[in-house]
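Each chain carries a letter (A, B, C and D) given by its place in the written order, and its residues are counted from 1.
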Amino acid sequence: MKLISVPGLVRIKPGALDRLGLYLRRPGLLRVLVLASTGLPGPLAAMVRDGLAREGVAVAGWSEVADNRFEDAAAAFGRMPKKIAAIVGIGGGKALDMAKYLAFLARLPYYAVPTSLSNDGFCSPQASLTLGGKRRSLAAALPQGVVIDVAACLTAPRKFWLSGVGDLASKLTAVFDWKLAFHHRGEPVDDLAALLSDATVRQFLGSPGFDAQGMTLLGTALMLNGIAMEICGSSRPASGSEHLISHALDATAKKPKLHGLQVGLAAYVVSRLQGQQTEILARLFEETGFFEAIRQDPFSEADWLEAVRLAPTIKEDFFTVLSMRDCLAEVRGIIRNDPRLAGCFVD
Amino acid sequence: MKLISVPGLVRIKPGALDRLGLYLRRPGLLRVLVLASTGLPGPLAAMVRDGLAREGVAVAGWSEVADNRFEDAAAAFGRMPKKIAAIVGIGGGKALDMAKYLAFLARLPYYAVPTSLSNDGFCSPQASLTLGGKRRSLAAALPQGVVIDVAACLTAPRKFWLSGVGDLASKLTAVFDWKLAFHHRGEPVDDLAALLSDATVRQFLGSPGFDAQGMTLLGTALMLNGIAMEICGSSRPASGSEHLISHALDATAKKPKLHGLQVGLAAYVVSRLQGQQTEILARLFEETGFFEAIRQDPFSEADWLEAVRLAPTIKEDFFTVLSMRDCLAEVRGIIRNDPRLAGCFVD
Amino acid sequence: MKLISVPGLVRIKPGALDRLGLYLRRPGLLRVLVLASTGLPGPLAAMVRDGLAREGVAVAGWSEVADNRFEDAAAAFGRMPKKIAAIVGIGGGKALDMAKYLAFLARLPYYAVPTSLSNDGFCSPQASLTLGGKRRSLAAALPQGVVIDVAACLTAPRKFWLSGVGDLASKLTAVFDWKLAFHHRGEPVDDLAALLSDATVRQFLGSPGFDAQGMTLLGTALMLNGIAMEICGSSRPASGSEHLISHALDATAKKPKLHGLQVGLAAYVVSRLQGQQTEILARLFEETGFFEAIRQDPFSEADWLEAVRLAPTIKEDFFTVLSMRDCLAEVRGIIRNDPRLAGCFVD
Amino acid sequence: MKLISVPGLVRIKPGALDRLGLYLRRPGLLRVLVLASTGLPGPLAAMVRDGLAREGVAVAGWSEVADNRFEDAAAAFGRMPKKIAAIVGIGGGKALDMAKYLAFLARLPYYAVPTSLSNDGFCSPQASLTLGGKRRSLAAALPQGVVIDVAACLTAPRKFWLSGVGDLASKLTAVFDWKLAFHHRGEPVDDLAALLSDATVRQFLGSPGFDAQGMTLLGTALMLNGIAMEICGSSRPASGSEHLISHALDATAKKPKLHGLQVGLAAYVVSRLQGQQTEILARLFEETGFFEAIRQDPFSEADWLEAVRLAPTIKEDFFTVLSMRDCLAEVRGIIRNDPRLAGCFVD
């Protein structure tokens, strides 16, 4: 039998933010450190402060986080207040990654409270930080608590939700890349993780709306993906060649976009290279307005082709469809000719 | 953080049966005890025997199982051959439950190899056995291995698959009953287990065919349900009032039917009582031919009404929609008047 | 890293019996099943009943145990009262083994409350039961709680304490047999388990009195031995050739004696065969009056020699010093000529 | 049941250093990073390098460690070579603490290879580092491997061994302080951890020689102490008022001495304050020559009294005998008048 960690507390529902104090008080976590995103809307911050106070949970520190540098996390660790019982991360990716890593360093329970669902980072066992200026995925631990206020998430701009949809969709191509790595290189696939990851996308497909139910399903799906990574001990079920392309875009594009918008579109293109699941992705992206959103702020074709060229070199020893052949010309053809991508790229 | 067990090896794909020997040899399990269903088709048995022999896995014993009595399991434990490295259960529910329990008594790794997917028992942490003549759900452990040969399962009669579909569908009403128990009695709900259970149904809904993909999705869904039970340490995410009705039918009906056919139809009726999710169930049962199959061998209305009357008394201290009001008259009305149920019951 | 289980609650001190109710109430175990040895002294039983009542812990059943048959445990499991929160075993070896096994079957927390310390069974991960009339060491689990009332144990006859001393002393020869198995057969030794086992004997040697401190040290030592077995997953650190001789005596002697008296004396004899640690054992047995107690009720030399002859056949594939050569004549010489053994054997 | 971690591999014996490559190769750890103490004797370094090479274990990096700063560990983490399978720390405290922490950051298996046994840090779940210039005990993890070459340790100066003896002896006063905290403040004591800690000292008392056996027992004792800390999740079983005095000395004395020499002598003094176990400590320190070694390089009385004055302020919310009354005058009297301490202090 294999032992894995899972969050001990999960709440994905409207109104969860207001009850955060309750979720912390019940297990006796009465003194917490909060890391909140710079720009967290005032009403959400107030709701959290009030809720904690109401339940007698003291806030030993409340920091605004604008960046996700390992060096800052280490420094913050050095001057952490004493007798903290738990660390809470509220807001977007950087605050949550910093809070997760600080909790890892301090070996304290971590509560993830995303206020938008733009990617699967809130419940993964890694923290995405820069180290020496370079983006790194550092080993950490799953959160003890996942608290998603579905109503609060619906007040965030729709593009964050679409980004989350894109990140979720990318699991389909990631899992297929994993299978390619097995068939071509013998890299073992953890079927439980792969099937769970696949299931998370499929459960969302049935009701992919920008509404309470769709947000609940998206939160559940992204969380289960984090658990899939915990099951297999790698990011394979969540990240394949589409992530390589996105990382390359981050490194080279003049103006990178939201992670999930990049990996989502890359997943569509990669599905064409893989010859698999293109229709599923197309339907999802059409129903949700994902393609439409891209068209409103299209990618640079030049940036993209450069990214595709670089992608296979981004991660050592990581087999994907991009390792099988030179895909550059193919991608150029897809970008230019696939009718669904019309308007998604500009020169 | 919460630690849970998950199977260390999962294979859900066509041809898995032939590779069983490989799955056992790799971790060095070179001497096994096999419990197979009486009536396991000869070709499947031969495939397993050949596959084990080919990989050098010795069969220390091969028993046919026709019954699932605790007393037999205890006796079999007493005369178990020595130096067994693992126990394999092959076939249907009873063989798998006996093998699971024997492995629990002997604290040996257990490999579940269902050849049909008629319910979620193959990967649950309990074993369903009779004890003193009474059906009991005895604590055991999740299997170390889950090996589902999707092709083999497609050779089993379609009604087994429909039974699995019914068992899966029943998670929707079970989870809603759990939420009722929270709202009316304060019984804590484990959201992770509930959301995972819910997700398992939804991922199947998108492709519910009696084909390789549909069987793979069904196997995945039922397996993840077992893990949901492991997460929360109870059967709540998998079993609610619809299971009470089915247990009552087992106890009183002249001729009980397959477990999943009973709980599936009960889930539909219960969804009407709960006022929730009826349309989802209806669409699933129509698309898969579930209602049609029931009509070909309808239930006795009298048996059913008796079962609904008894259901609330079946399990002590177990709050469901049936605890909220006397539902007998309502159920009679639903059975007689719901057009979808036309032909599903006879006098 | 390796994960092992250890008891969550340990209390080894005078007065612990009276506080048993407190130890159960704190974690909310408010309804328990008690298995007590037939012949448990009335005052001890009364102290437990009163203590449980005082803390509001209900006794759902109180059974007297005179035998340790698997078949009885299975039957008791079948008629176990409902809603039990924990199982408590009080008294001597058989009651504790039955309680431990029943808790394993029911997957309930088990509290071991030995009232004498005649062997190391109270905190081992196995239960010693008969199965089909044959003594077997069945896989179970460590107790959740170990509660040893040192004062109560001092009211038990001294020979039980001496038996515990003998069982503890036998770890020295058991560990050496393990090392022989490594050197001659490559059987892997778990050094952590072996060193811990060895340490348990040595910590007792400094203060081996039949008094509160000596009893506390003995209880600690025997408990840590159980944990040593849990660490390595076998009985190797606790049981070697001296246990084989004792098992053979149980099978063939007209009147077997206390387990620890048999293995203790056998350990002394085996230490002569091993050419190791004889002086440590001699000093311990002289200081504690172990030899003297044997002399007051000596062994039959014929029984012993028969047992030594049988011992190597008792356990398949289990290498010890007895596997290295025919030791019978040697043992006869030791028994007859070692001055320390004078009077320990009669014709 | 409680789950704890223990090292998966333990080797405490002469010649272990030469076999390190074997211990790494067996589990497939074929590329390692080594952190070695500055000043590690050349022959020991050569033995390790040769042994690793002989078994095909590649050394991806070999760093000399002279300091134990968190900031250095963080920087080293940033430039760690890729594809490392394990981290090995060889030598004294600082190298081992840095290696342990680096392994924690990188979530890699850590192998502790102390070449002297001057304290219990090699197998504790914390790393002692400075953070912002202040000594801190940072959460980390137990080592996966503990490899102690008893012969190598005997080539280290005897004072290191005496320091280890002093650190071990301090467990007696630490455990008693813990019990005081329970009786006066209700702080819960984990009896299993306390009894194990106590047992580690007692097992050493029987054979406290500067020889192969004494070194083996000392290594075992210090390692089991680390496991005691893991069991209870705090340093309570290993560190009490005598450690506070030593930390105060480190902060204020002109020339602090080896940690174990400080805590050992402090333990003797504290035992007088506690009115417990003084004779046990006295006998141990006389037999081993501990007092004699102190006399050859005595402490400053003024430094000591200042340290005793500061000690209760060192650690917030940490009850010890020093919290019960102002002990300064008492300690002055003990230092000046206890005949065993004659010559251990100078003006």
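Heads up, the rule we're going with is that contacts are C-beta pairs under 8 Å (C-beta built on N, C-alpha and C of every residue); 3 or more make two chains touch, one makes a residue touch a chain.
The model shown is predicted, which means the values in this text are computed figures rather than measured ones.
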Fewest touching-chain hops separating chain A from chain C: 2
Comparison of A-B and B-C (more C-beta pairs in contact): A-B
Separation of mean Cα positions, chain D and chain B [Å, integer]: 54
Averaged-CA centre spacing for the pair chain B and chain A, given as whole angstrom: 34
Intercentroid distance (Cα basis), chain C paired with chain B, Å: 42
Residues within chain B bordering two or more other chains: 3
Category of the chain touch graph - line, ring, star, complete, other: ring
All touching chain pairs, where touch follows the definition stated at the start: A-B, A-D, B-C, C-D
Chain A to chain D touching residues, read off their complex: 70-71, 74, 77-79, 82-83, 105-107, 131-132, 138-139, 316-317
List of chain A residues in touch with chain B within their complex: 1-12, 109, 141-142, 144, 190-192, 195-196, 198-200, 202-207, 216-217, 220-221, 223-224, 231
